[in-house]
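Shared between the two complexes below is chain A, which has chain B as its partner in the first and chain C in the second.
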Partner chain A sequence: MMTKGKSKTPLKLGLLLLLCPLLLWLVLLVILPQLTMLNISLQERVAPRIYEYGFSNYIEFFTEPLYWNTFLRTAVMSIIATVLTLIIAFPISYYIAKMLRGRAKGLLLVLCLIPFWVSELVRTYGWMILLRESGVVSSFLQYIGMTEGPIEFLYTDATIMLGLVYSSMLFMVVPLTSTLESLDDSYIEAGYDLGGNGLSVFWQIIVPHAKPAIISGCIVVFMLTLGNYLTPILLGGKSSLWFTEQIFTQFITRFNWQQGSAFGVLLLSISSLIVWLGLKLSRQSFSKVMS
Partner chain B sequence: MIPSIPQSTLFKSSFRLYAFIFFAFLMAPLVVVAVFAFNDSMFPSLPWHGFTWDWFFSDSEPKLGLFHDPQLYQSIATSFLVATCTTVLAVALAVNNAFLFERSTFRGKSILYMLMLLPLVIPGVILGVSILIMSSSIANYFDDVWAIDIELLRPGLTLVVIGQFAFITTICTLIVAARLRNFDLSLEEAALNLGASKLQAIRTITIPYLLPAIIGAAVISFLMSFENFNTTLMLVGSDSPLTITLYDRLREGATPVINVVSLLLMLASVVLALGNYFLTGRKSTAE
Partner chain C sequence: MLNHTDFDLQCTDLVRQFDDFTAVDQVSFAIKKGSFFSILGPSGCGKTTLLRMLAGFDDPTSGDIFIKGKSMIGVPPNKRPVNMVFQHLALFPNMNVSENIAYGLHRQGINKVEIKHKVDQVLARVNLSGSGQKEISQLSGGQKQRIAIARCLVLNPDVLLLDEPLGALDLKLREHMKVELKKLQQEFDTTFVYITHDQSEALVMSDQVAVMNHGQFQQVGDPQQLYFQPDNAFVAGFVGDSNKWSATVIDILSDSLQVKTTTGFILYTKKSDEKAFIIGSEVEVFIRPEAIHISQVSAPKADQNQLTATVNNILFDGANSQLLVEEQTSREEIKVKLPQTAEFIHLKKGDNLQISFPKQQVNVFPKLQDK
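Presenting the complex of A and B:
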């Protein structure tokens, strides 16, 4: 048997060699950038090219209604999108996991994965073709005589919501399906044998079993929605008011990196807070949910 | 609700109807993108003006086809370059990380593992922006103190590769580590008993075993890099990868040539991903 203690020095050297690339990547590309962002966000301009430490960028966020309204709106819409995704995805996952057998099951699961492999840009573009004033849905409604003139479906909150739910679907369907598959059919049968009906079996057997997947699915969907940029911009247009857009504006358009960094730190904090809360509520470990 | 419990036909057929509507919803945007690539019109919208290949092959304005549109095909080449660099870096580090997390024991391993997962929680826009800030800070420092301008640290393809490398590595590590976890250590020991050195054993036994996961990770990494938008947008310089070019075109007002690019992109990614899915088993791809 090879034991770890047998050849101490070469193993230590080997460990160091494996550790170095990881640490370099982690520190230089993940941790330091975030700390730099935090550092910059705490600097306020006192004179041209002269900065001092202070909280003015954060104070600016709380005193300017546009900023915190956008922030709140992004958070609320992300929560609604997460709930909608869960409600739409659950029956599909159940259908794939429990009502289908053999070939059809694998096929439908692959069908769910396909849109995810396609670039987000292409998917959103598809929705634009469908929903714009001269788009397919509008033309179809005119053709069947539902409306007189063309209708613009783009640039409303409902459209943004549609796009968000669409691009999050996979992250809910996949964990739900695999968890529901692991639910033994005999539990459901037992539920019925003991006098339960469809509703009570659903709430007392299926939902408790799926709870870990529901929570991890919701965490991932919420995170991705909050950080989404393309969908709100392209489907919502000028009225989208999404927080990542504010960050982009501060950095690239206004070149106010201090303010932009403060926004970045805020977004990252709320995102981490939600993940942490979700994990606490479900008593799951971060490593397990993420992999 | 399961086949062994009798259910009314109404219940079953309503489930089937729901599934049908759901998959129609899932496929609708992809189908229209594909269909309008062949519309003989200046706009990707109805009415239908007849079938054409012009948006692929036409060499004259106003219907300049993809293969004669230098801006588009150059950005495809740029994306290829970026994706290749990112993949090589990410997969190499992923194999290294897999050995570190699955084979060694050291203090603080679980903390390090958590930190390694961190890029999954950081939104792409933030990741891009934070790398931009840091590299610019370093570049400004060198510029101010030694008057050296380090072009590499300014927005451009190098930074795009770095930004994508930062989060794709995590995903690749998860894929490779999952396979290494299931490796039977006695195989390696047998090689050692037969006189192989540790490195020889790893090269001839372990790496071939890991190969499906390595290929899987490379495919996923290539696709993710090719299709990345959020992180790329923040770090891009004058050479734009495909997604950035497409985005600019979309905002100017799209012509069906965008559909052609999208269609090819869809076909390529679905073929790659499906191939990977069926070759390496579903487990590693679904993560």
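Presenting the complex of A and C:
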């Protein structure tokens, strides 16, 4: 080690005490449960109340098409939701950060924040009131004569997507807005001044500057979406086929903790893998994106 | 008349109004091809607004801008044959030096081989050959400056606009870059429009300087004209260092005016034909510190203001050293250039000196109305 002399100095008690809450939180609430879950997932039942170590829970996942189809569907839907959120949030953030001045700017950010003052459950029920067969949208369409009978908007993939994008929007808008705000107007003006058009200024100046925020926003939104339970269940109903629902079923309905744990570990692995792939593809480092 | 080909840039009656504030007020000027034109003014005088209108980031309320005889009204910034060096340069941090310079060339749709050739060429001309692969953050302040200029000049603009690009540099580098900018301008033979609040930058580099205040051009002329023949009290006070007094005309003589400052100091000033004063008119009087001659002994000469003064303070600054002296009867303070010669080397506070300055070097203007 380069700092041989220094590393021998004993850890200061004060520093240790300061780190205590963080260490406790990490160990007790993050690392320990995950390790326990990994442990449980590797146990297979050979007889009532008798367990042995083995991979049967994982093998079960790969041999039962329903499980891994649900798993893939959840991952793909989450990626689509993330991309949609980005596409919708970018112009909003740009408008808030660059077009607005003073009070209007704060007001619009608060407007984005307000839905998050009520719980996710209430927000999702709000959508259900709007979209159900006897709901506001359906009644309105009948009132203006666009349709003959009532229409059911709930329980489709599009509705799930709507709910997911809606509930993730803030987590994309906030990092994007603050990063775009830090982009000096003169860079954009210089881009135009040197002959660039809107498209080239956007791709060569604005996007590279906002890239860390885009990636970090995408990571957060993707994680939240992949692990979301309420929105897919309530808006998608029985046909939602969301992977968290499978985990819930294993733990609560079928009381198969071993299988549920295996699913939990798999979900953690796939989300880590996809985030890692995303970082590789966009050539960003995790520490830079999260700073 | 407007199709004069020897003018790269012409503005006619340019006005820019923001609500009830007029930032640029009836400005007209024409800039000769290949010259270095500075717009000098205090902050808030409207010079940045004027420059942004030339670049196309802002539209004039009325008036017209012509570049090479073509009106620029309604032409967006990316279609104008002008380029701008921004105050903080705005070099794109996500691109290296070559990519920064090539950005504009790519937009013109030039092929890659030619772009590379042009980039190398312009880098050589700003003495930064071989820096193409460097990141912007690896460059020094002066190098960034040159890359920002190269990035514009590689596009061969008719006019290059510079928005106080030296403001962020330290003093030594700023002095150096002044000379370098002037050289670059001559080498590329491009018309430069430079805005600054620093009179030394404007005077050193420019062929023509426009002094701007309250949205209007106060005077346009070469640096010597502005310095020696200011048109009004604002120019006289803003350009160069001056003693400035408020005074009242007390007598009108054949070749000069006699004025009395508010503290009672009486002196004779230049009498010009264009400006008519009556006895009792309020005026402002300017005399440059270097026009004042000091000596230990009295040697009366015609056409001179003569007085005795006491040394109040010695402000030593090498070749720019000054004395603050006090006129004996009125106690008016006067700034005087202190030559670093053997005669004055032992001068100290409280010493008496003979002071003289020619009447013809004392400028007098009607008092400025406070806006």
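Going forward, the second predicted complex is superposed on the first by the 249 of 291 C-alpha atoms of A that agree within 3 Å, B and C clash if a C-alpha of one lies under 4 Å from a C-alpha of the other, contacts with A are read in each partner's own complex, and residues count from 1 in each chain.
Here is the rule we use: a contact is a pair of C-beta atoms (placed from the backbone, for glycine too) under 8 Å apart; a residue touches a chain by one contact, two chains touch by 3 or more.
As the structure is a computational prediction, the values presented were derived from the model and not from experiment.
Asks: Given the superposition on chain A, are chain B and chain C in a clash or a fit?
Replies: Here chain B and chain C can both sit on chain A without a clash.
Asks: How many degrees, to the nearest 10, separate the directions from chain A's C-alpha centre towards those of chain B and chain C?
Replies: The three centres form an angle at chain A of 90 degrees.
Asks: Pick one for A:S139: touches chain B only (first), chain C only (second), both, or neither.
Replies: first
Asks: Identify the partner contact of A:Y192: answer first if only chain B is touched, second if only chain C is, both if each is, neither if none is.
Replies: Both chain B and chain C are touched by A:Y192.
Asks: Quick check on the superposed pair: does A:I129 touch chain B, chain C, both, or neither? Answer first, second, both or neither.
Replies: The first partner, chain B, only.
Asks: Which chain makes contact with more of the residues of chain A, chain B or else chain C?
Replies: B
Asks: For A:M223, is the partner it touches chain B (first), chain C (second), both, or none of the two (neither)?
Replies: Only chain B is touched by A:M223; chain C is not.
Asks: Please work out whether A:Q204 is in contact with chain B alone, chain C alone, both, or neither, and reply first, second, both or neither.
Replies: second
Asks: For A:Y58, is the partner it touches chain B (first), chain C (second), both, or none of the two (neither)?
Replies: After superposing on A, A:Y58 lies clear of both chain B and chain C.
Asks: Which partner does A:I92 reach: the first (chain B), the second (chain C), both, or neither?
Replies: Touch status of A:I92: first partner only.
Asks: Rounded to a whole Å, what is the shortest Cα gap between chain B and chain C in the overlaid structures?
Replies: 5
Asks: Looking at chain A, which of its residues have contacts with both chain B and chain C?
Replies: After superposing on chain A, chain A residues 189, 192 contact both chain B and chain C.
Asks: For the complex, which residues does chain C have touching chain A?
Replies: Those in contact with chain A are residues 55-57, 76-78, 82-84, 86-88, 90, 92-95, 103-104, 107-108, 151-152, 155.
Asks: Which residues of chain A touch chain B in the complex?
Replies: Going through chain A, the ones touching chain B are 1-2, 4, 11, 14-15, 18-19, 21-22, 25-26, 29-34, 36-37, 40, 88, 91-92, 94-95, 98-99, 101, 106, 108-115, 117-130, 132, 134-136, 139, 166, 169, 174, 178, 185, 188-189, 192, 198, 201-202, 206, 223-224, 226-227, 229-230, 234, 244, 247-248, 251-252, 257, 260-261, 264, 267-268, 271-272, 275, 286-287, 290-291.
Asks: Which bits of chain A are touching chain C when the two form their complex?
Replies: Against chain C, the touching part of chain A is residues 184, 186-187, 189-197, 200, 204-205, 208-209.
Asks: Help me check something: in the complex, which residues belonging to chain B touch chain A?
Replies: Result: residues 1-5, 12, 15, 18-19, 22-23, 25-33, 36, 43-47, 93, 96-97, 99-100, 104-106, 110, 112-127, 129-134, 137, 162, 165-166, 169, 174, 178, 185, 189, 192, 223, 226-227, 229-230, 233-234, 243, 246-247, 250, 254, 258-259, 262, 265-266, 269-270, 272-274, 277, 282, 285-287 of chain B touch chain A.
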